[in-house]
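Read through the structures below before going on.
Consider the two complexes below, in which subunit A is the common component and subunit B and subunit C are the respective partners.
== the complex of A and B ==
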């Protein structure tokens, strides 16, 4: 059947081309345009090549401070996610089917709820006269109303809740690949509970933990909704400044340059992430 | 058997799980509780209970319009993401050809690029080559970010199904349209359903692309919530959010029924 064979060869091409064409126009083309914009003058008159936007990022002390805050917060957020996420993943991995489903719903329900809504919840909790302040007052721990709004602590708390599911779900992938017999063997041979976790489970879940933390870090530096609403204008992060440049002050060249810097850093993190996950055979 | 887990470790685990559950759910619970407040301000504890804010949003043209826009946007996104993603997933999981791995990563690349960066590129393109951001622009943006989910769910679905069925149909002389209509597409059903739930949820909840692609007269629910939070949040935002949380809950349950949550995790 020569004609059938030819058609069979063409079939994947026919199936793939609408999607590929769409991505080319709607995804890769915008990315190239963003890159181009960051090297072009913006405003009246014909645009020409310039490096002024990148120079501004480096020279301007304000943006150096913004970048520094962005990375400091992302580091703290990632560390806290690891600290909470690893034990949680271990528990989910060992739990029976009912508890396991319950815990996964606990992670997926917030994950699938709009970030705007979760941040709103944190505003009500952290704000002046909010739930946190009221609870601490009831417990007699503080005597005046407090607020964590417009503080870095507030941003960190809200962001950890937003990003924790990513770390746990990624780690769970690599925990699932550890044969239960290994942990059992270490226990049979006399290792205590924590020694077994520390010497067997933890080293074997490093690929998952590594890719999970890279993912959390990358998502954290590119978030603007939670940091902007909780932190306000005074505690700006890079993504928040980009939003302002693009929608408020209309300096698109500068906004694009900031985004390209953010993108380069993200790619520097994401490429090791993909290498780690593909080597571990885990799901990205 | 083996020395069992010490009792205090079990107790500590229970405490830890309770703390995590509280931490993860408290923002949602607080939003739901605030929607029932009788006060016009978001104070805790609320002075009394009332359903007035639900009445308020059902009578508010701005919220109803935003809800309608969000619904149309999410449904259009589902249609396009399925139409473009399903064939790609079939090609990637049913055929062996050169460059398959590379094409697969091209299709999944929107998952890797932060949507903030994509949103800016899209804004630049729509301002330069079209008449500026628009509803169609939002549909395009959401299709890009949701298509990878359709590809993943349909591929996972097809991996569970015997490819020989399609081969059998082919050998027995089925025309290409008969194979797709009667064999392959029915096989993709659960994957398409799961992909559609994801696409709907992501599109309905997205604020990042929506905020950058802000067009005159196009306002989605998350955009409206965001701008309300920037200025003067009142319990009506909580009522809208509660309705959206309830929708998410329904989607999670359906997703679990159709696809199994453990396959996502």
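== the complex of A and C ==
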């Protein structure tokens, strides 16, 4: 019925409009403004159009190095989260209710602590003369105290701690939808424990793994508090550079250009990834 | 029936009370402060007494100087602040952009009592300096028996792995310390290469931090024995139980003024001026020195001997401190930040 069809389209639109309006004002317009700012000069004198910010980022190897480090760390963090997160998700999925709750709470607890407190915790563990250093010394593996603070390894460890829950929880969502009968069937047919997981569970959990790893990647690319607190001021990541340009050097045009480049590269990596995984995983 | 009539009268009374309160609403002044201990002392010395004296409400926004400048810029056409405090010379950048209003000497009753440098620049929008920090060298008295005497002592092999530098790009005290090191190494505001070379030389055996609590952390853990930083911070560390002392190297300590400024376009100019006047009075100057060991800028601030020994006391002593051309700093800072970040990057 024509009138019924028209009414069906209007109602969703009305329900969506407050949310869309909010997104437009709070996200879309500032993002466009940032894009515009990246083409303007800031500082002494009136602003005028320029491409110098982009030229600087491309030509200057310092910022190329910072970008490279940012993406390299993000890839390592995502890979580690996948390696650790998938088995963890499988275990949680098969666990009884008590163990399951306990594991999930353990996983989420770091997210609930303030980032500053967490970082001080890492300082105690990874710092010079900290728990890690002491343990390794007691075991005789090293002879003088080491510190993982202010190192890339330290950044990776601290970031994996907070991003792992994102991957595990999205994968759990996927795993929960796999009928137990499928896995039981594969075991009955003679596949061992690991083969069963590899051939049955893993392919079916790709949607969850894909969205989880995308989330982890996007969050690690853009994070700067943990890298700056754990990594220190000598290990710059892109978000840290942007923050420094905006609030330290007050060169908003250059900071905006860095932000745009960060976004573009991220999109260039994410979009093919999304296409490939949606084909591989299909619809669960 | 009875219940609803009681309810109505209660609501009516509450509404009347709210209206009456609204009718005698106090005037509000919006300022910024730097949070933590500093803000606490700020309230004790200036904000609360001011509120009581003039029966107004002072709204305090906690924001460091850099964030405050960013906000002022964003609010240029409709400023939300009436009075802003800046440390680190950002008042020059703000005044140059027209964000601050000039003040007539006659508008401040305490004008004559101030050191001359503290009120220079009022006509350009640069507010009076109400206290100042002094940048020199902090050292651990237990680990280092002979006090360092020169900025060059930072390269001393005895301090290997124990030197703590503060990021010049994000921290003003760090920047001023770096400029001084640069000057001692033979550089100038136009050429920071000597300073960068000096820093690169000690970088492999030193730690770089960006926030002041990290300095305390590193001293407490024994990771750092010597650091270029501010005199008032030495007091903070001693209060925390650490055996740290401040020393002004022979080449001189650096003046780091903290200013209180009138925001351009504020609707409460008179009240703001009263606040600024109140901030620079002798009692406040004395209070800052006693509480946090900031150096006073009011001639009438009388300090006890103990406090006087831990600040730079007297106009003559203060005039011996090194100052750098603030206009040049404002102009060159972005390029310095980049050069510094590059020099320390791993």
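The rule is simple: the second predicted complex is superposed on the first by the 237 of 284 C-alpha atoms of A that agree within 3 Å, B and C clash if a C-alpha of one lies under 4 Å from a C-alpha of the other, contacts with A are read in each partner's own complex, and residues count from 1 in each chain.
Quick note on the criterion: a contact is a pair of C-beta atoms (placed from the backbone, for glycine too) under 8 Å apart; a residue touches a chain by one contact, two chains touch by 3 or more.
Nothing here was measured: the structure is a model prediction, and the numbers come from that model.
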Partner chain in contact with A:62 - subunit B first, subunit C second, else both or neither: second
Superposed model, subunit A: greater residue contact from subunit B or subunit C: B
Which superposed partner A:236 touches (first subunit B, second subunit C, both, neither): second
Which superposed partner A:219 touches (first subunit B, second subunit C, both, neither): first
Which of subunit B and subunit C A:123 touches, first, second, both or neither: both
First, second, both or neither for A:244, with subunit B first and subunit C second: second
Partner chain(s) touched by A:84 [first = subunit B, second = subunit C, both, neither]: first
Footprint overlap on subunit A, where subunit B in one structure and subunit C in the other make contact: 123, 127, 129, 246-247
Touching residues on subunit B, where the partner in the complex is subunit A: 2-3, 5-6, 9, 13, 16-17, 20-21, 23-31, 34, 42-45, 83-85, 87-88, 90-92, 95, 97, 103, 106-118, 120-125, 128, 140-141, 143-144, 147, 170, 176, 201, 204-208, 211-212, 214, 222, 225-226, 229-230, 233, 237-238, 241, 244-245, 248-249, 251-252, 256, 261-262, 264-265
Contact set on subunit C toward subunit A in their complex: 66-67, 69-70, 73, 93, 96, 167, 169-170, 207-210, 217, 221, 223, 331, 333-334, 337-338, 341-342, 344-346
List of subunit A residues in touch with subunit C within their complex: 43-44, 62, 65-66, 123, 127-129, 150, 228, 232-236, 241, 244, 246-251
Subunit A to subunit B touching residues, read off their complex: 4, 7, 9, 11-12, 14-16, 18-20, 22-23, 26-27, 29-34, 37, 84, 87-88, 91, 100-101, 103-110, 112-125, 127, 129-131, 134, 158, 161, 164, 169, 172-173, 184, 187-188, 192-193, 218-219, 222-225, 229, 239, 242-243, 246-247, 252, 255-256, 259, 262-263, 266, 270, 274, 284
